[in-house]
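Two complexes follow with chain A in common, the first pairing it with chain B and the second with chain C.
Showing the complex of A and B:
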């Protein structure tokens, strides 16, 4: 029983990390109909920035975190302006390949600047916490707590505020939104900035668990990507539930089935979902069958 | 603007390119012969992408993994079961067909990003299997000692001779690709790229035609992988077939211009030579490469040759859209 609780908390926490990156995918996909292949590196690179601010600049942790988040927002805006914006009227293939180019750039510039050795970041809260009569790593609870708060805040902003409604309108129908006087280019820029912010939060939260390496983003992004398909591409609740489902499957699978093939579970499920229910658990019906 | 008016579409261009390739080992510094062999092998795999992406307009992100499947097929049959070169190459074709048909029929029923998604899934699983299925793939240590082809008792293990083996495969592949584009099948590919619904109303079986384009790509990829295993260092390991290879192959196709055979070949040769040319960048090479990919799609949508061509021809562009 103790083990099940520990694995459950760990799986939930990993799932939350995937969920943050998956949301970045979904928001950009809904806004501009393109998969951003650099989403994982938008988690990896800020994690390096945080490690750098903490160790080299010796900033206190809260200042370093704020600095990292600011960096992410600016990066998201620049990314939109220099990579997405020039390609906005082209088909999705060039845009996807451009985002892959950004991913290759971020990974390798991180390798040059920070090296291949994993950087350790101290957990936000040290030690362990007792719940349900067993002990769990406090960082897992921090991850779960921060993500839940962020998700609730995101829901409130999107559902209750003017900017949230403008963002949603832009995602649903860009021409219509423009006709209504919404500055759609600005909304898309906000979407990129927010997606980069979500990535940075994921990177900051996961860094104490795994250590930061240039490859950190790749595997997280691929899992998050699988999660969005499993949950239903384009669906926000689908992405979150798909991510949690994957996180739990992975942790329990590694414990009870095979740890060598831990990273393959997500993709076996991905292909099974594509075969049996391509719209995912929460997705709308996939249109236009060939 | 008719298709045949373009320089890259003329048969002379392809013929000249093949002649140039045939004389290449005499023109380059022997030190770089290995790079040239690799370029020709990659060119064959990139020709596969030309079918599925260039002509049929479907984004596949696992060409490097199909390359790996072929390489492992050839390497295992050659080292464990002593199959000769022609037999292992036949097996790579079979492996390519198997993967293409199985993955194609399951994912190409759907439009949109689903092939891209499923191929990413396949690429990741393939690499995990290469790495962890130790009894068969020998894990991270890889497989060494893949046997070179033998012709009339003569062992073709030197790069100079192996180059012509690889070039023979590329020439056949290029001619098939060339003929196919001008056949009904090729027109069906193009029709699907432009508009699936419209294509289906003209009597094209969209699913079958898409699966055919995809299977051609997996077969070309797997055969090229087989060539890779049998030549060069006669050694393969999972690192050789990482996701980056799939990306690089896409870049090769885009650089050359997506929808022409000579473009695909030239793109592959140039990108393969790039690390040698840009050696002075040292550690920054891959970072610069990433930026170059972005610049390529932003500024050269028609690829290098498309750009050169329009620069040379100086067509009055305003008229084209009408």
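Showing the complex of A and C:
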């Protein structure tokens, strides 16, 4: 029982991190129909910014976190303006290649600006917590809590506010949205900013556990991408559930089947889903999207 | 018009694919003959019998001796590349301040291998074809050296490495010299020390799944099983971020000792923290990545009491102390093993060149005969090209590690 609780909490927390990055994939895919391969690096780079603000600028943690989130929002807007906007009327291929270019750029600029030494960030809450008679890292609970709150807030904003409805309309049919008077370019910019913000939250949450290196986002993005496909590309609940399913599957699989295949589980499931249900658990079949 | 141009575009596209592939892999240089190596294999001496460095060999001009470096300046292992560069820059500056090598100014030409195998081959090709270097200081990653070996042999390029997979020097055909102990020694020493200290009946192994980690784990497993000890292994991918599954699985095996063979120190710190969080108090004995400076900077509090079998220990010996002090003064940080072996390789090459002159064949022969005292201890090559057989048992205490004993004495005589 102890082991199951420990594995369950760790798997859920890792799944939540995949979910934050997966949501970034989905929101941008829905808005502009491309996959942003720099999404993992949008977690890594803000983590470096946070480490810099904490150590070099010696800002208090709450101020440094707010600063990092603001940086991410601005970065998302700049990303949209410099990378997506000039290519918006081209096919999806140049845009995807441009996002890969941004990924390489961010890794190397992090290396140049912050150096090769990994950075350490203290956790938001230190130590371990006892649950059902066993110990669990408190930071895992912080990750689960923050992600759940963020998802609920996102649901309320998208479902209950005017800007949320405008964002959804733009994602569903950009031309129709424009005809309805929605400033679609602005909505797309907001989507990029929000995706960058989600990435930054993921980076801030995992940095105390994993340390900050230029490769921080690489494996996370790969798993998040698999989770997005498993959940159904384009589906917000699909991305979240796919990510949590993946996090739990790989940790229980590694513990009870074989640790040698821990990373393989994600991709075996991905291949199985692509063969048996190509649209994913919650995705629409091709041609059915409104 | 459009219909006519499409086949042309298609053909251009098809042509571009092999061109791009070729560009990606780099041009494979034409193999050199032994005679191209700049002499007939005899030491270069003047009429007075004094060793000199004559022009003519690759990388040797009237004033300059060029040494190539194939290092991880970017990519996953950029940290080790950065430390290598710091260490080599310092070594070369010191050598040039005291007259260079045989009067030649030493120039180090760095090529980034991007921490990948194709990158390592590209950087090697650039060092040979573009930079025309006399000798090369290669990577610390075994898989990269494996990818480079055939070109090193075909080019007869003297290459110094820090990669520790046991077979590399054997496969190197006499052109590869290693400045860190092979995994076969380190793995055996881990088991020998664990047996002496803890008399275990069960040993758990947590290892990286790459060539380094798997090779080391295989040695530990064999040595333990030969001694009648039960073994359970669990692996992880380099850069993995959660080890709860592996540690839970190994804990249920009930080991008396945990052993580790990890490539990256960042990974060591994460699983050290998780061991503590899971309440596992089993003693740990592992490889050198436990005591790198990165491990101490990121999580010394999780590593207290851990033992490691290492080939580099900060401030062990006079040469080491002087080097560490100079490094600290120059860079404001402490050096670690990811710079130590390159420094030793550079001074070992200097000693060999001062015996052979700048004839590659004579230089290769001299590398087998010179002896130096480096920051890793006494260095001398065996027949295979393994230069460093120094191993220590150290234990983490406070913000550093203390020497427990000489691990070589735990090993059976070779």
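Basically, the second predicted complex is superposed on the first by the 285 of 290 C-alpha atoms of A that agree within 3 Å, B and C clash if a C-alpha of one lies under 4 Å from a C-alpha of the other, contacts with A are read in each partner's own complex, and residues count from 1 in each chain.
Everything that follows uses one rule, which is that contacts are C-beta pairs under 8 Å (C-beta built on N, C-alpha and C of every residue); 3 or more make two chains touch, one makes a residue touch a chain.
Computed from a predicted structure; not experimentally measured.
Asker: Since both structures carry chain A, what do chain B and chain C do when superposed there: clash or fit?
Answerer: Aligned through their shared chain, the two binders clash on chain A.
Asker: Is A:74 touching the first partner chain B, the second partner chain C, both, or neither of them?
Answerer: neither
Asker: Is A:263 touching the first partner chain B, the second partner chain C, both, or neither of them?
Answerer: Both chain B and chain C are touched by A:263.
Asker: Return first, second, both or neither, reflecting whether A:251 touches chain B, chain C, both chains, or no partner chain.
Answerer: A:251 sits against chain C, while chain B stays out of touch.
Asker: Please indicate which partner A:163 is in contact with in the superposed arrangement: first for chain B, second for chain C, both, or neither.
Answerer: Touch partners of A:163: none, neither chain B nor chain C.
Asker: When the two structures are overlaid on chain A, which partner does A:209 contact: first (chain B), second (chain C), both, or neither?
Answerer: Second partner only.
Asker: Thinking of the overlay built on chain A, is A:100 touched by chain B (first), by chain C (second), by both, or by neither?
Answerer: Only chain B; A:100 stays clear of chain C.
Asker: For A:218, using the defined touch cut-off, is the partner it touches chain B, chain C, both, or neither? Pick first, second, both or neither.
Answerer: In the superposed model, A:218 contacts both chain B and chain C.
Asker: Let me test your reading of the model: by the given contact rule, A:6 touches which partner, first (chain B), second (chain C), both or neither?
Answerer: In the superposition, A:6 contacts chain C only.
Asker: Looking at the overlay, what does A:179 touch: chain B (first), chain C (second), both, or neither?
Answerer: In the superposed model, A:179 contacts neither chain B nor chain C.
Asker: Any idea which of 94-102, 112-120 or 346-354 of chain C is the one running into chain B?
Answerer: 112-120
Asker: What part of chain A is shared between its chain B contacts and its chain C contacts?
Answerer: 107-108, 111, 218, 260, 263
Asker: Within the complex, which stretch of chain A touches chain B?
Answerer: 35, 82-83, 86-87, 90, 92-98, 100-109, 111-112, 218, 222, 225-226, 229, 233, 260-261, 263-264, 267-268, 270-271, 274-275, 278, 286-290
Asker: Which of the residues in chain C end up touching chain A in this complex?
Answerer: Where chain C meets chain A, its residues are 74, 76, 78-79, 81-83, 209, 234-237, 239-242, 244-246, 248-249, 251-252, 266, 269-270, 273-274, 277-279, 294, 297-299.
Asker: Contact residues on chain A for chain C in the complex?
Answerer: These residues of chain A touch chain C: 3, 6-7, 10-11, 14, 107-108, 111, 115-118, 120, 128, 135-137, 206, 209-211, 213-215, 218-220, 250-256, 259-260, 262-263.
Asker: Help me check something: in the complex, which residues belonging to chain B touch chain A?
Answerer: Per the touch definition, chain B meets chain A at residues 53, 57, 59, 106-114, 116-118, 120-122, 124-125, 128-129, 132, 196-197, 200, 206-207, 210, 243-244, 247, 250-251, 254, 283-287, 289-294, 296-298, 301.
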